[in-house]
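Scrolling down, you'll hit the structures one after another.
In the two complexes that follow, subunit A is the common piece, with subunit B as its partner first and subunit C second.
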Partner chain A sequence: MIEVGLKQIILALLLLSHELAVAKNAEFYITLEKNTFSPPRLHIPADKKVRIIITNLDNEPEEFDSFDLNREKVLFPGKKSVIYVGPLKPGIYEYFGEFHPNTAKGSIIVKLKESNNAD
Partner chain B sequence: MLTNSIILFLRDLLPVFIMLAYLQALFISPPQQLRFTVVLSSFVIFFSTVVLIFYENISEISEGNGLEWFKIVSLLIGLALIWVAILNNKVSQYQAFTLPILIIIGAVLISSTHLSSLLLFLNIYFSNQQSVLELSIGCAIGFGISLSFYFIFAFVLHELVSMQAKGLVYALFALFMAGQVGIVANLLQQIDLLTVGVTALFDVTDWINESTEYGYLLKALFGFEASPTAAYLTLLSSTFTLTFIILMRQKRYDTAGAYNE
Partner chain C sequence: MFTPRYVFADGIVVDKVYHPYVIANEKEFEWRLMSSQTDTINRLAQQFGLGYSIAENVAMEFYIIGERNELGDFTASAFELEARWMLTEQGQYAFDWGAIFELERNTSVNSIEASAGLAVEKEFEKTSLTINWFLIYEQGSQIDSEFETEFRVKYRYRYIPEIQPAIELYSGEDYFGIGPAIMGVHRIEGQRQIKWEAGFITELSNKGKDHTLRLSVEYEF
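And now, the complex of A and B:
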C-alpha cells in the first residue's frame, strides 16, 4: 500500500517537475528551408527566458548567428538545434545564417505582452 | 559570397594570426620563430581538420550541445595550459624550443574553436562548386588582410618589447586571452547552464557595430561585444586580471632572479 503511494508521489513529482520545466521556458520554433528562415519575424515575450528550436530542412549545414543576441550555432541538415535566449528587453533582435546571409535572415521581436508566435 | 568569405576569414582566421603574433613576441626567441610558426600552423590545421571531420558527431553529444561543450572545454583548457606554461618558465627571457609545447597545445585548442567553423564553410562551398571563382577571390582577400595585419601587428609588438614596454604587451595579451575565453559565458547561456547575469548591461551598437570590419577587428583583438552581459564582462575582467597578474608575477621573479645572479 505504502509502495503504491510512494510510486504515485514520485510519478506526480516527475510530472509536476516536467510541467514546471515546460512552463518555465516557453518554446518557439524557427525553420530553415531553401536557405530562408521561417517565420521571418518571431515574437517572444519580454523579460522571459525562452527556448528556440531551429530545424534545418536543407541538405547542407548553416550557422545561425546573431550579434544582437550573442548567439552562434551550427545547424546540421535534417537536425533540430536548441538555443536559449533572454530575458530580453523589448526590441528587435536580428539574426542571420552565416553561410547565406543574403537570404537566411530574420528577426526576433520582443514585446512586453505575449502575442502571436509569428507574423 | 565575396564579402561573406572575407568576413568569415576576419572572424575566424584573424584571431589565430593575432595569437601567433603575441606568442612569438612574448615567448619565442627570433631564431626559433619560423620553426615555431610552422609547427604551430601544422598542428592547428591538422587538429581543426580532425574536428571538422567529426563536427556533426561532436554536435550530437549532450543533446545537441556538443559543439558548445567542445568550445568551452577547448578554450578553458587552452587558457589553463598557457597559464601553466607561463608559471613554469621564465617569461622575461626567450626560451628554447622545448618551452612552448604547452603553449602550442593551448594555442591549437583555442585556434581550433575558430578554424573548424571556417573550414566547414569552405568545405560546403568548394564541394558544391558554387561560385568557386568568387569564393577563391574572397578567400585570397580574407587571407591577405589577416596576413597583412599579422605582419604589422607582429612588428608593433616586437618594437614594444624592444622598447622595454613589455608590461604593455602583457596587458594587451591578457586582454586578448580574456576576449577569447569571454565567449564561454555566452556559450553557457546558450545551453542554459548559466542563468545569472544574462541580461545585456548596455548597447553600443550605434557607435560600433559588431558586424562591421571594425567590429570584427575589435572582437579579434579583445573580444569586443556591443551588448555584453554581466556574466560576459565578469569572465572577461577576471580572465584579464588573472592572466596579467601571472605574467607580471613571473616577470618580477625573473627580473629579481637575473638581478641576483
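And now, the complex of A and C:
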C-alpha cells in the first residue's frame, strides 16, 4: 500500500516538473481603474489557452470572480495579476469584481477567429 | 479507562476532496459532519475550523474535532492544524497543483497523525476532475504506528454556482467507497460567501453495510 502511494507521489512530482518546463501563451490586457474594467469586452481566440494580465490602478484590492470561467483571484492595488483561461469554446463568459459588482464587470468574448481583442 | 473501539483517526477515509486553490485575503469558518453507519456501529464526528490565508498562495486552518464514543457522549477528541499551498496558478498548466499538510493530535486515543498530500485538478469545459493523494503517518499508545495512503477523487459538473453535482470516490485503509455528492456557493457581498458540500458514500469493498454521510458548510469573509 505504501509503495503504491510513493509511486503515485513520485509520478505526480515528475508530471509537475514536466509541466513547469512548458507553455508560452498569447497575452491580453485588462485595466481596472475607478472600479471599472477596461475594455469591458475582451475578445480572445477559441480553443487556445491565453494569459490575461489585469492591472489594478486603483488604490484598493478587487477580487476578479467568474463562475463562467471558473476563476477567482484577488487583484492587489497597483499590481498586475495574471489569469490563465482556456482553451474555451466560442461564447460569452461574464466576470465581475466582488467588491464593486455594479461597476466592475465585463465579459470575455471567445471567437473562432482571432480579430480585434477589444471593443 | 474507556477507549473508543472505532475512532476517526484510524478508520474512516471519507472526508473532503481538496481543491488545489487558495484565495488571498480570505478568512473562513468551517463546519463538517460525518456520520457513518455499518451493520454494527453508528459513528458521528463533527469538525469546526477557522482558516486564514497567510499569503497569496498559502492558507492555514485550525480545527477542533469532536466524536461520539460508544457511550453516546460527544466530546472534543482531536485538534488539527492544516496548511494548504497552491503550487501553480489556476489554468497555467495542463493540471493545477496544490499541497496539503495536516498535523492532528487526538487526545481520546493519545495519538498523533501527520499527513502530506497532493491535490490535482483538471477542467474539462463545465466539469472538473479533482484528485487527492495523501501519505499519512499515525503514532499513538493505543493504535498501531503505521504509514497509510489515501486516494480521493471528485468529478464535478459546474451547473450553476448553487448546484454543482459530483461523484466522489475514496480509497485507503482497506476501504473503497463511491457515491454522489453536491456542492454549491452563494455569494452574499464582497468576499462574503457560503459554500456547502454534501456526499453520501457507500463502501463497496466489504459485504456488510457501510454508508457515510458527509456535510460541510464554510462561511468565507
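One rule holds for everything that comes next: the second predicted complex is superposed on the first by the 95 of 119 C-alpha atoms of A that agree within 3 Å, B and C clash if a C-alpha of one lies under 4 Å from a C-alpha of the other, contacts with A are read in each partner's own complex, and residues count from 1 in each chain.
The criterion applied here is as follows: a contact is a pair of C-beta atoms (placed from the backbone, for glycine too) under 8 Å apart; a residue touches a chain by one contact, two chains touch by 3 or more.
Nothing here was measured: the structure is a model prediction, and the numbers come from that model.
In the superposition on chain A, A:Lys49 makes contact with both subunit B and subunit C. Contact with neither subunit B nor subunit C is seen for A:Pro90 once the two complexes are overlaid on the shared chain.
In the superposition on chain A, A:Glu60 contacts subunit B only, with no contact to subunit C.
Residue contacts after overlaying the shared chain place A:Gly78 against neither subunit B nor subunit C. When the two structures are aligned on the shared chain, A:Pro40 is found in touch with neither subunit B nor subunit C.
With both structures placed on the common chain, the touch criterion links A:Phe99 to subunit B and to subunit C. Residues 49, 61, 63, 67, 70-74, 76, 82-84, 86, 89, 98-99 of subunit A contact both subunit B in one complex and subunit C in the other. The touching residues of subunit C, when paired with subunit A in their complex, are 21, 23-25, 56, 87-95, 97, 118, 120, 123, 125, 128, 133, 135, 147-149, 151, 158, 160-161, 187, 190-191. Within the complex formed with subunit C, the residues of subunit A that make contact are 1-2, 4-6, 8-9, 12, 15-16, 19-20, 22-23, 49, 61, 63, 65, 67, 70-74, 76, 82-86, 89, 98-99. Subunit A makes touch with subunit B in their complex at residues 25, 49, 51, 60-61, 63, 67-68, 70-74, 76, 79-84, 86-89, 98-99, 101.
Partner subunit A is touched in their complex by these residues of subunit B: 4, 8, 55-56, 59, 63-65, 67-68, 117, 120-121, 124-125, 128, 186, 189-192, 195, 198-200, 205, 209-211, 215, 225-229, 232.
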